[in-house]
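Given below, in the form of structure tokens, are the structures.
After this come two complexes, each holding chain A, first together with chain B and then together with chain C.
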Partner chain A sequence: MRVGIPRTLSYFTFYPLWKPFFETLGAEVIVSPESNKELLDDGVRNTVTDACVPIKLFHGHVAALIDKVDILFMPRLVSLDGKSTLCPKFLGLPDMVKYSIAGLPEIIENRLDLKKGKMELYRFLYGIGRRFTANRLKIMHAIYRAKYNFANYRKLLFKGLTPVEAFACLEGGQEPSVQLIDGALKLAVVGYPYNLYDNFISIGLLTKLRRYGVQVVTPEMVPDKEMKRLSKKLRKNLFWYYSNQVVWAAIYYLEDKNLDGIIHLTAFGCGPDSMTNKIIELECKAKKVPFITVSIDEHTGEAGVETRVEAFVDLIKRKKGMV
Partner chain B sequence: MKITFPYMGTSHLVISFFLKELGHEIVYPPVPSQKTLSLGVKYAPEFACLPFKILLGTYLEALELGADTILTSGGCGPCRAGYYGEIHRRILHDLGYPVKMIILEPPLVSPRDFLHQLAELVRPKGWLNFAKQFRIAWAKLKVLDELESTLHKLRPLALSKQEITKVYEEGLELIDQARSVKEVKAALEEALSRLHNVPIDPYCQPLKVGLIGEIYVVLEPFANHDVEKLLGEMGVYVHRSIFLMNWTRDNAFGYGEKDVRAAAVPYLNQLVGGHGQNSIGEVVRYAEQGFDGVIHLAPFTCIPEIVSKSIMPAVSRDKGIPVLTLFLDEQTGQAGIQTRLEAFLDLLRQKRMKQEAS
Partner chain C sequence: MQAYLGVDVGSVSTNLVVINEDGKVLVDIYLRTAGQPIKVVQEGMRQVAEAVKDKKIEICGVGATGSARTLTGVIVGADTVKNEITAHAVAASHLVPDVQTVLEIGGQDSKIILLRDGVVVDFAMNTVCAAGTGSFLDHQAARLNIPIEEFGALALQSTNPVRIAGRCSVFAESDMIHKQQMGHPTPDIVAGLCDALVRNYLNNVGKGKEILPPVVFQGGVAANVGIRAAFEKELGLEIYIPEYFAVMGAIGAALLAKEATKEKQKTNFRGFAVSTTDYQASSFECKGCPNHCEIVNISADGQLLARWGGRCGKWDTVQQMKTG
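What follows is the complex of A and B.
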């Protein structure tokens, strides 16, 4: 059986969990191609005009998988930490897709809601496993392997690898050494994983910054313990999982004396980010840390982003007397 | 403490009454206008939803009038509205207003916070007075809803639309002046009988349209360009799905209209915040009740309603009921809305004629 996983949204958070899980169950995992212009155009055609770019792109990824898989993995992710929920668009995602794209294969749309208790992840995975095999042991084995791989993945992130680098590493690639140049600028790039690590959406932002010799840190690299501490810092947390991660990470990096600036990457039409962005902007202002927002939409050109980011880096360098 | 509060439909009548009777000095914000919106747009994040911007504009206007405290509601998500207060506070402080915000969180979410905030409001005249005034305010909320729904029924039939609007406004005035539960009831009787005295055309069979969507733009005439009145004056019976009371009740006690949601389940089996799931369920129910069409209002970038809009075409097709979705933002003009409404009503009339012919 071929299981299709769209290469966007929760992919960047959970792929190392899903992949060994399905493979141990004996399925073949097929991931949609890397995001590109055609996928996005396809997504735009299939969604309401008012949706945000990542949701449109998701529709494109789903459409790209239609004839290639027997079953489509599109779970309804409701809560990942037992407290917040995901953005309402994640909550309604399976329904949005079902009523927007015709000719879909069978769908795995199980609900993952950790508000229901700690065992929910097991129940969720077990429920999915039953669709592939009646053998309980086999399912337990798949869950075990998935969690093991996932734990390794998280360790790589905390070392400073991006998810995409970590994926490659888990597949047997070389662990890229994260080398620090003395006196390099340190910038926190915050935003949702499906924007940051999708080279097409972010227009290669991370790679570009590294090319300028900048040390880049992102929310995924903040240790769990720190996130937990920061989750008690705001007078009221946001309601959305990824948004909280972004805000907490920004606050975490702002505590670092060596941080030189923050870039918030946000997608056109994102509702939660209208709030996230304001909080980060004002936190940076209070700490006098340089801050810019890079906002991307269907038409953002590479050149525009490049000039903005370059100007930002130059500004910081000048401020530090580096040029 | 000079306290102010945002507008939403007729709720200000009750809120201002309540605050005054609790012994507070009130700063009445100006009724939202283009100027309010421009102010809000100027200082709000670009993709904040329309209600956020209107509220921010209202606060800025009230602060200019001398307010130093803002009373507003909180919430627990998953939608943005519950976080408005926090961001409003940050923005206002950043602009240099040392304003104090009293954000009432739903009592069941955080009882301690709620009581704490409440105690502050109750302080000047004590709890006994609070209990008394609460009953009156509650009664007012109920009768305001009743008066409005009667207006909705009669407006399309009224011979003079101007007159009925005037009579309705007089009714609001009567209710506003009532100072006891008994007076509230009497005011309602009087207002209703006046409404019923406006001459109507009893043979008129108006088109029946349901009005659904995000609560603020459904309830606040400034945000929806007075769509109810527009429709009523075009001779359409508008049934609004949301009233103050069902909102107050749902939010205070944490349960919702279960059957509306149940109707949505085949299409959207998940709460998505705001009124997203309700919107789906209500279309199903309006179809079952023989309505001619549904008008679906949502602020631009509204997350739950984007979800519901994606699913809407399927519901509309399955149930055979036309749905017009209007996304509203600061660029929306009344002329544009009017044209789209007229085209939609034409479609409904044709549909009805076809049905009657067959």
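What follows is the complex of A and C.
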């Protein structure tokens, strides 16, 4: 059986968990192609008008998988930490897609809600496993392998690799060494993984910064222990999982005296980000750390992002007397 | 005399300046881009050549900035190609050394730059919205049949500015039409628009920023006395408009060129002959992958100079060869 996984949204967080899980169950995993203009155009055509660009892109990725898979993996992710929930669009994702795109194959839309208890992840995976096999041991084995691979993946992230680099590494590629150049600017780029690590939708933001010789750190690289500590620091946390991650990561990096600035990448029209963005801005202000918001949408024009990011880097360099 | 050329090609205007070693402006030229960046740069170069003809001036460095900076850089042979925010900040702190706030409103974008002790500490640029930029003022002036040069003076005649929604240029326009049909006098509507634009600028671009004096107001819109008055009213501060407010980006580019050539001791300047060279721009859609990038070719006298627009490196070879 061929299982299709769209290469966006939770893909960047969980792919190393899903992949060995399905493969151990004997399925073939097929991932949609890397985001591109055609995919996005397709997504825009198929999505309700008010959605943000990541959701539109998700529809495009689903559409690209239609004829290539027997079953589509599109779980309803509700809570990943037992406290916060994901953005409402994640909660309604399977429904939104089902009523927007015709001719879909069978869908795995099991609900993952860790508010129901720690065993919920096992119940969730077991429930999916039953669709592939009646062999209980086989499912348990798949869960074990998935969790093992996922743990390795997280370790790579904490070493400073981006998810995409870590994926390549887990597939047998060589581990890229994260070298620190002496005196390089250190910028925290915060935002949701599906925007940050998708080179198309971020208009190559991370690549660009590295080309300017900037050391880039992101929320995915912050250790769990630190996230947990910071989750108790704010007077009140946000309702949304990814938004909390972004805010905590920003605060974590602001504790670093060597940090030169923070870039917040946000999708135009993102509701949760109206809060996230303001909180980060205020935190940066209090610490007197340069801050900039880069907003992305369906446009493919690089000029806006290029100008802002280049100016941001330039002005920090001038400030530090590096020019 | 050693001199440096700065070229700023924006959406609405194209500016060229020549400065001397001390950063003093020798020549300043302001032209309308009118959708023809290549032609207007050539025309500007012709005018610069004309102005420096009898003075013993040697161009030792060239800087390009503005939204057409890459294109301009190739045409004139720039030593440095920098974004307009950096250029504006450099120019403002050079001409007004103790400046703390720079308000800049250009044709299609607006920005605020905060400096403390000559160092940029913060800046912001308008996001995706055109409300509160020069081209919107242009458009409204044309609609009301008022020459843009008289727009500001007309606003000053107003005794009772009307309230106009400045958040969005579409709403602002319907608001203005409504007020005009209700019988409000034109100066009141124009003054209302100036207030709205300033309000929008301060709420969006200047959101949460600490605006301290001296405040410098530059960019093409600084020519509009109505906007200046609205800023002074809203901020309660005196607004300083530099002599060369309209060409500050170009001054910054020239200063950056001076910096850039100091190290390498030579310039890439292609000479004033570029004004007569035949530049051709052509484009095509690459079918290599589903991204369908629009690739632009720039050639001079039939020879390919530069190519850009691709997301992958496939078409970049010419550009890399040129820049080393």
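Note that the second predicted complex is superposed on the first by the 322 of 323 C-alpha atoms of A that agree within 3 Å, B and C clash if a C-alpha of one lies under 4 Å from a C-alpha of the other, contacts with A are read in each partner's own complex, and residues count from 1 in each chain.
Convention: a residue touches a chain if its C-beta (ideal position, glycine included) is under 8 Å from a C-beta of that chain, and two chains touch if they have at least 3 such contacts.
Values in this document were obtained by computation on a predicted structure and should not be read as measured data.
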Chain B versus chain C as contact partner of A:275, first or second or both or neither: first
Partner chain in contact with A:285 - chain B first, chain C second, else both or neither: both
Partner chain in contact with A:311 - chain B first, chain C second, else both or neither: second
Intersection of the chain A residues that touch chain B with those that touch chain C: 268, 285
Chain A-facing residues of chain B, complex: 44-49, 52, 74, 76-80, 82-83, 86-87, 90-91, 94, 267-274, 276, 300-304, 306-311, 313-314, 327
Residue numbers on chain A that touch chain B, as the complex places them: 47-48, 50-51, 76, 78, 84-85, 87-89, 91-92, 95-96, 99-100, 111, 235-236, 238-240, 268-275, 277-279, 282, 285
Residue ranges of chain C in contact with chain A within the complex: 67, 82-86, 89, 119-125, 127-128, 208, 259, 289-292, 311
Chain C contact footprint on chain A (complex, rising order): 33, 36-39, 200, 204, 268, 281, 285, 288, 290-293, 295, 297, 303-304, 306-308, 310-312, 314-315, 318-319, 323
